[in-house]
Each structure stands twice: as C-alpha cells, then as structure tokens.
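The same chain A turns up in both complexes below, where it pairs with chain B and then with chain C.
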Partner chain A sequence: MGAGSTLRRISPFLTIACLLLLWQWISARGIISHILVPPPTDVYQAFTDSLADGALLKHTLVTLEEMFFGLLLGVGIGLAIGYAIAKAPILENILSPVIVAFQSTPIVAYAPLLVIWFGSGIASKIVTTAVIVFFPTLVNTIVGLRSVSPNLRDLMRSLKAGRWQIFRHLEAPSALPVILAGLKTSTTLAVIGAVVGEFVSQGSGLGYLVTSARNLYDTPLVVVAVFTMTAISLSLYGIVAYVEWRFLVWQRRSSA
Partner chain B sequence: MTLSLRELSVSFRDPSGCALPALGPISFDVKEQEFVCVVGPTGCGKSTLIRVLAGLLPASSGAALCEGALIDRPMNQFAIMFQDANLMPWRTVLDNIALPLEIAGVSRSSRYETVRALLPQLHLEGFESAYPAALSGGMEQRVALGRVLVQQPRVVLLDEPFGALDALTRENLGRLLLRLRQRYTQTIVMVTHDINEAVLLADRVIVMSRGPGRLVADVSVDLPRPRTHDMIYHQAFLTLTKRIRASIDDLSA
Partner chain C sequence: MLILVRLIIVAAMWLGLAATAQDEPVDERILLTFIPNVQFAPFYVGIEDGYFADAGFNVSLAYLQEPEVLDLIAVGQANFGIVSGEQVILARSRGRDVVYVFEWFQKYPVGLVFSSALDLSDLANLKGMTIGIPGRFGASYSGLTTILGSAGLTEADIDLREIGFNAPEVFCLGVIDAAVVYVNNEPLQIKNLAADGDCGAVSDVDVITVASQVDLVSNGLIVSRALLEEDPDTVARMVAGLASALRSVIDNPASAYLASLAHVDSLPADEALLNALESAAEEQLEFLASAPDRGDIARSRRQLAADLSERFERGALTQLNVLLNTIELWDAENIGYSDLSSWEAMRDTLDSMGFLEDDAGSLQDMFTNRFVTGADR
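Entry: the complex of A and B
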C-alpha cells in the first residue's frame, strides 16, 4: 500500500476532525450564540446525560423498530410487485398511475393522512417508512430483472430448467447487484420515513426527541438526536455494503 | 441422431405486424454423427436456423425434425453453444460447467467429480475456482465447451462458437473440438463465417443465400481424418474452399 492510498483512507477522518475543531473554535470564540450552535463539549455532555437516563436508547430503539418493520414491509412489497411487473409488463400500465402519484407527492405532505388512517402508534410510522422505501426497491427490482441476458435465458430453456430454477440460478443472481444498490438507498430513506412519521404524530422516537428538545431550547440534545440518526443511517448503509462485498465476490475487482 | 429440415422457414413480425422473412424455405438432412458447417452472409438466418434446431424458436412453416420427430421445444440430448461464451459471471469455472448437471438434479459431489474429470481435456486445470471475469476469451469458450460436453449430448449446435476469437486461439479451439468429437461422437451443426475453418472441421459444408437464407450449395468435404492444420495447403483443400468461395461470391454478383 502506497502513501497515496493511506492518505486516501484517512482523509475522511481528517475532514471530520477539522470540522470538529472549526466548530469548537467558533463556539469558544462566541461568534455564534451557544443556543444556536452549542459547542461540541455541550453536545457530548447532552449525549452522556441522555445515555445515562436511558432516554437516548429508548428513542433510538423505537426508531429502529419502526425502520425495521417499515423496511421489511416496503422492500418485501417492492420486490414482489417488481417481480410481477417484470414478468407481466401489462401490470406496469395498470399500476403506474398509483405508483407515480405516490412517488411524485412529497411524503411529508401525506404523512398526516397516514396517521389518520393508521393511528398515532407505531403502525403509521411503519407505513410511512414502507411507502418511502417501496419505490427504489420496485424500480431496482424491475431494472435488475430486465437486465437478465436473453442468451442466458435461452441457455436455461435449452437445459429445460423450470420456473423456480430459472429464478434461483439466473434471475435472482442477475438482479441481486441492482437490488442491493437499491437497498442502500432504501436504508437511508427509511430513516427519513420513520422520522417524518415521528414528527407528524408525537410520542416517542428520535424524531420526537428532536421536537421535544427544540421546544425546550435544548439545542445540544437536538444535535445528539440528529447525529444518532446519521449514525443509524451510516451503519445500515455499511451493513448493506458489507453484504454486497460478501456475497458479490465475483464482482470484486482483483487488483494487480 | 439424424436431423432434417423440411421446407423450413421462419419470419418475424415487425411492430406493425408485417412479416419479415428471416430464413428459408430450406431443406437438408444431417446424418448420424455427421459434422455439418453452415456458412452464409450476415443476416441470412444462420442463428435463426440454430435456434429452431435447438427448439427455442418455432418454425413459421415447414419443420425441423430429429429422428423423424418434430422439434417443437428443447430436446433431450441436445446442447447449444453461442458466439458469446454466455457464462454466468457469478459462478466459478467449476460451477459454470456443472450448471447443466445441477439443473438436472445431480448431487454436488458427483457433478464436481464429473467436471473435474473433464478439466484436463479442456486445458482448464487450476482454474476451477476462477470467475469468468478473470478468464481470456479462449478460456471462456473452453468453459462453454465444457458446459456442452458435460451434458453428454448426441446433437451439438454451435453458433459461431469461435467467432470472437483471434486466428490462433480459434485454430486451437478447432483442434480441441475435433479431438473431443473423436472421443464423444456426436452429430454437430456449426455456424461459422470462416470458410477455412468450415472445411477443416466439417464432413459437409452448407452454403446459404442472403436473407431469407436458402440452400445454395451443399459441399461434401472428403478430406481424410484426422485433419491437421497443414491440410490447408493441400490441393484438395484449396479446391473445396474455392468452390465454396465461388458459390458465396455468386450471391453478391
């Protein structure tokens, strides 16, 4: 490994360190009021406090739960409808008005409607998350399945492979890279879905933590909640990236 | 197995529903264990012909028969190989060659055993666990050839199998094909646009007209076997290639 590649590896961390220093410097100099931009030390204090009284963990778990079931539902339905559309293109014509309408309306606008329909409990947040992750999953499933090589289809037919064998040995592995790419987008969107749901109907979760802390002008806690969302988003992205790396061995470029 | 084409023709339909004739009508027979090469101008319907024989495409009129029975779906004991090696990039060499056995429900250990026994003949030892991305074009085609052999087919259909390779690799693969054929006698129909290759490999060369392709010449190649590459300098070889060449040139005249 050369010096250039070491630099490339550590430079993201350098960026973060520089930003933290700049942030500390700005608040220490009192350039901006602490209520607007609390210094990193205050944020750290809020972090350890909310960790100690269990509030952070509790709200994080609520958000994670909503995201988990939302992803399960949205990705599941996206895969199923995507498969159906790829197999029977007529379904695309039938379903596209609904799908396009959902997709082109901002989720924040109809999230209150979802609360009216599904109640102010966890169900409405799961649905909000599911709706937002549904679309990228759907699109990537269709694109992935349509990318299957027609010659390989002919090969499978000439081997007298059944429907399930074609799915298992050809369609699923061909579509997997595209679907996993879609899943990476979906995981970040899932955080947005859950938090939007929590903004709209109060109760618990990181979105709720943000609004309640803001009402108390507890800016450090707001920042802690926001950073937790970032951390969730990045971790999920990392997990999918790892799954990708682990299972798509054949796509890894061998370096000389 | 014997094959025969009876006034076979195929037309496709354009988006407005007009018929686009792509092949024929064409008739010829392929005898048991005969090696037939098909040559003809681009777009004359050679791939279409192979796809009908493979049972992947229905005839528009006439018929393709195997042992007198209509070919209307992929038949048992037929294997097909395309111009592009058509490997699955997510499968290793071993698993690509073993695919037909896996589809047929052969157990993992016995299919690996079969494939491992085949590797030396394909000069692929040591590459079992390589992925297609790491292979050269010639190696990819050898894997594709392995995937054909593992099926123990009695009819092999080859659509320009070496078309995308350089001249030397192509000669090597031609030799490999002849060697493998000696070992596993099969009926072979191979499309190529290399006349030398056709004469060097085949028992008979079929020349097709411009699309929709019909039969314009049916040339028996009575060169002795085993064939060696030196034969391309023999008078008999030159006479044959000239004859085939002339029948193709007549098309464009």
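Entry: the complex of A and C
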C-alpha cells in the first residue's frame, strides 16, 4: 500500500480534525461569541455529561423507535402502492394528484395537523416519518419495476412461469438496485420526519432535546443533539449501502 | 485668505450636516417573539403614530424565538428585544448578560382553560386530570408549575400531554381535560368554537390565571448590560417611546387596531368594521381630552366591545377582543415597573422545576426600574 493510498484513506479524518482545530481556534480567539458558537471542548463536555446522565441515550432511543416504525410503515406502503401502480398504470392517474400534492407540501407545514389527528404521542411522529419516507420508496419502486426488460418477462411467460415466479426471479432482482437507492434516501429523510414531529410536540426524542436545551440556553447540548442526528443518519445510510453491497453481489459480478 | 474662507465654509457645512444627522431618527430593530399579531399593537402604534420617531428611532420589527432574541441581544447584534421574565433568569444563569428595563405585561398572561362543567373551585381537583401544554418549557410550563404548586400538586399528579400550539383544536377534540394557554387569546377561540357547536360537549369554558395565584414577572423589554452602561440615553428614549405607545393603545384600542392593520395581514378589516373603528377612535380622542381616570378608560373599552358586538359577527371581532383582553394584562397605574417580589417568585418557580442548575446571580442585577419613572404619565 503506497503513501498516496494511505493519505486517501485518512484524508476524511484529517479534514474533520482540521475543522475541529479551526473551530477551537476561532472560539479561543473570541472571533465568534461562545454564546452563538460554543467551543468544541464545551460540546465534548456536554456530550459526556448527557451520556453520563442517560439523557442522550434516552432521547436517541425514542427517535430511533419513531424512525424504525415510521420507516416500516412508509416503506411498506410505498412498496405496496408502487408495485400496484407499476402493474396497473391507471392507478397512477388516479393516485398521482393526491400523492404529488401531499409530497410537494413541506412536512413542517402540516406536522401540527398530524399531531391533532394522531395525538401528541409516538403515533404522530411515526406518521410524520412514514409520510416523508413514502415518496422516494414509491417512486423508486415504480421506476425499478418498470425498468424490467419486457423481453425477459415474455421469455419467463413463454416458459410458463407463474406471477410469483416472475416476481421472485425477475422483477424483484431487477428492481432491487433502484429500490435500495430509494431506501438510502428514505433512511436519511426518516431522521427529518421524526425530528420535525418532535419539534411540534412530545416530551422526548432528539428534536425535543434540541428544543429544551435551546430553551435552557444550553447551546453545547443543542450541538450534541444535532451531531447525534447526523450520526444516526450517516449510520443508517451506511447500513443500507452495506445491504446493497451484499445483496447486489450478482450485479457487481456481472459488471466486472 | 481665500483658502481660509473656503475652509471655514466647508467646516460650517460639515457641522450643519452633522447637526441635521443627529436630528434624524436612528434605525433600530426590536426583536419580538411569535408572529405578527395584534398582541404586539404597542409596537405597531409606536411606529405608525410616531412615538418611536419622537424618541429618535426609526424602528423595524423582527419575529424570532425567545432564546434567539436573548442571544442576539447578549452578543450585541440587536439592542432591544421582548422576552418573558423567566427567560432573563435562565439566560443569565447561562452567561447572557442582559437587563430587563421595562415590564410590558403587568400580569402573567398564562392560565388554565377548562370546561365550565368541571368543578375546579378547589385546584386540588386537578389531580388525575389530563392537561395539554405547548411543551415543557417557557412561560406555559412555568405557569402550570405555579398553578400546581399553589394546590400542593406536582407534575406527577397529572397526566401532562405536550400538544404544541394547538390548544383550541386538541381541547375541543376532548382529548384533554384542560389546557395551559395564553389567557388573552385561546380561551376566546375555544369559546367561539363552543358557541358554534364545534367543541364537542363543551358549551363554555372558564380560566384560572397564574396571576390569580402568584405575581410572576412577565414579558418585558431587555437590553444588553453593555448598552445600558455605555448608552443609557438610548435605552431611556426607547423606554419612553414604548411607554407612550403602550399608554396610547390602552387608552384607544380602536385606533391601535387600525394601526396594526399595516403589520398584521390576517386582521379582519371589512369596510363596515373599519368605518366603525375609525368613528370609535375619533370619539375616544374626544373622550380622552376630558382627562378621564383609568377606571373611566377601562369602562370605555368595555363599552366599545359591547357596542361592536351588537353590530358585527363574533368572528369579525375575535382579534379586536384579543387586543382588549390583552390590554387588561398591560394596564397599570405605573406601566413598565416590575417588583422584586415577582422576580423572586419566578426564580423560586424555576428552581422548583430544576431549571436553575447554574447560579443566576443577584436578582437586582437582572432588572432596573430607573427608566420607568417619568416615562408614564
């Protein structure tokens, strides 16, 4: 392994280290007030304190729970409706005005309504998350299934393959790369859905932690909560990317 | 010699320009919270009727969240802002050196709204009830803690639900027994819903105000300590301008409503209502010329509400009634003045809520009444 390769591997960490040093230097020199941008040392202290008292873990678990069920619901419905639309294009004409109208409205605009309709508990957060992850899943499912080669479909039909066999051996593998690409987008959006819901109501979750820390003028804790959201988002993206890498091994082989 | 004459002329012109510039109003931004709303009428009147200009300011308004207002004032990015008293204590405990110079709301605006069918003559009856609150922070949470505390209860005795700023809708769905609200606004909305039959089984509501239990310091004008020490004259002029504008709104709400139209898009303003308000504002000016006392003026406000309610639909008057309700929270003999005891009560409330982990310092350093005396009539 050459020096160039090693440098490429460690360069992301070097970038982060440089940014942290720059941040600390700016804070130490008082270029920006600590009130507006707390120094990294204060943020680290807030991180260790919130870990020690269990607050960070508690709120993170709540947000993860909302995201998990929201993803399950949104992705499940997105896959089902996407499959139905791909198979019966008339459904696209019937449903698309409602779906596009819902999707083109910023979620923060109607999140308060979801709290009124589904209550201030976890249900409204799950629905908020489901709504935001639904659309990318739906679109990618439709695109994925429609990208299946008609020739291959005709070939399977000529071999007397049943609907399930066509789905299992042709449609699902062909659509999977596009669907997984949509899932990568959905998982990162799920954090936004859950946190928007928490901003509107409920007494726990990372969105709530941001609000309550902000109202107690604990800016370092706000930064900790924001970084935790980023970490969750990146981790989920990484998990889906790993799943994609594992499941689409055949695609890599055929490309090679 | 010619050069000397020219220099004198140039110097004279420069001095003249400088003098003119000093008379020009200075641009100043006041940071408010929430959104443009008739409850901010004193600021709209201050701008539209020239009270701020008379004080030497060309005022613009911005609407932010309370923590943002406090931080921007503390670092000197803005000179004046409106926040609630408890935010001053909390912010100072976290190193924001701000000072409260004018108490705008003389009565704490938070209370508990509930169906008139409920018996809450004894606050201990709140035990076991489901209560909605915007969130576990801010004036609502402090107010609820105070109400519970005055009944010997704590949060553990009730089922507290965070409902965001959706109290009328959630209350009328019947999900909660009572809601923590701003007493000048939401009870009116709920009453309207109930009157229209859109509030489930609720036909009317009652309100328990925090102010009826204890005097907590409320919303007011803040500045940074740096500004207070370096330029007290600017602070004094702003306080005087705001006090005059506030007194004008208290004395003539119809005129204040009309001034608010330029700043609040959603205010009902059909032609008939505008004509009625313009007439009422003119009549009120004649009435004020007879030097009435506070009691007479308060009666004139009630009369205005009664007269208009006979001529207009309830919905058209909601925002005017919000203004009239809010004026009752502002009106006082000595507007702008805050008591040490109300600061002590607020600090004790925050302490009991566990919000004051860090030392907030001396209460006397948090506020001053030095600009209030003489600002009011």
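The rule we apply is simple: the second predicted complex is superposed on the first by the 246 of 256 C-alpha atoms of A that agree within 3 Å, B and C clash if a C-alpha of one lies under 4 Å from a C-alpha of the other, contacts with A are read in each partner's own complex, and residues count from 1 in each chain.
The working rule: a contact is a pair of C-beta atoms (placed from the backbone, for glycine too) under 8 Å apart; a residue touches a chain by one contact, two chains touch by 3 or more.
Predicted model, so just to flag it, every value in this text is computed and none were measured.
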item: First, second, both or neither for A:39, with chain B first and chain C second; value: neither
item: Chain B versus chain C as contact partner of A:248, first or second or both or neither; value: first
item: First (chain B), second (chain C), both or neither touched by A:214; value: second
item: Touching partner for A:200 - first (chain B), second (chain C), both, neither; value: second
item: Doubly contacted chain A residues - partners chain C and chain B; value: none
item: Chain A - residues contacting chain C, complex; value: 33-36, 112, 115-116, 119-120, 200-203, 208, 211-212, 214-218
item: Touching residues on chain B, where the partner in the complex is chain A; value: 51, 54-56, 74, 76, 78-80, 82, 84, 86, 88-91, 99-100, 102-104, 131-134, 151
item: Chain B partner contacts - residues on chain A that touch it in the complex; value: 149, 151-152, 154-161, 165, 169-170, 173, 248-251, 254
item: Touching residues on chain C, where the partner in the complex is chain A; value: 65-67, 70-71, 74-75, 90-91, 93-96, 132, 135-138, 160-166, 169-170, 173, 175, 355
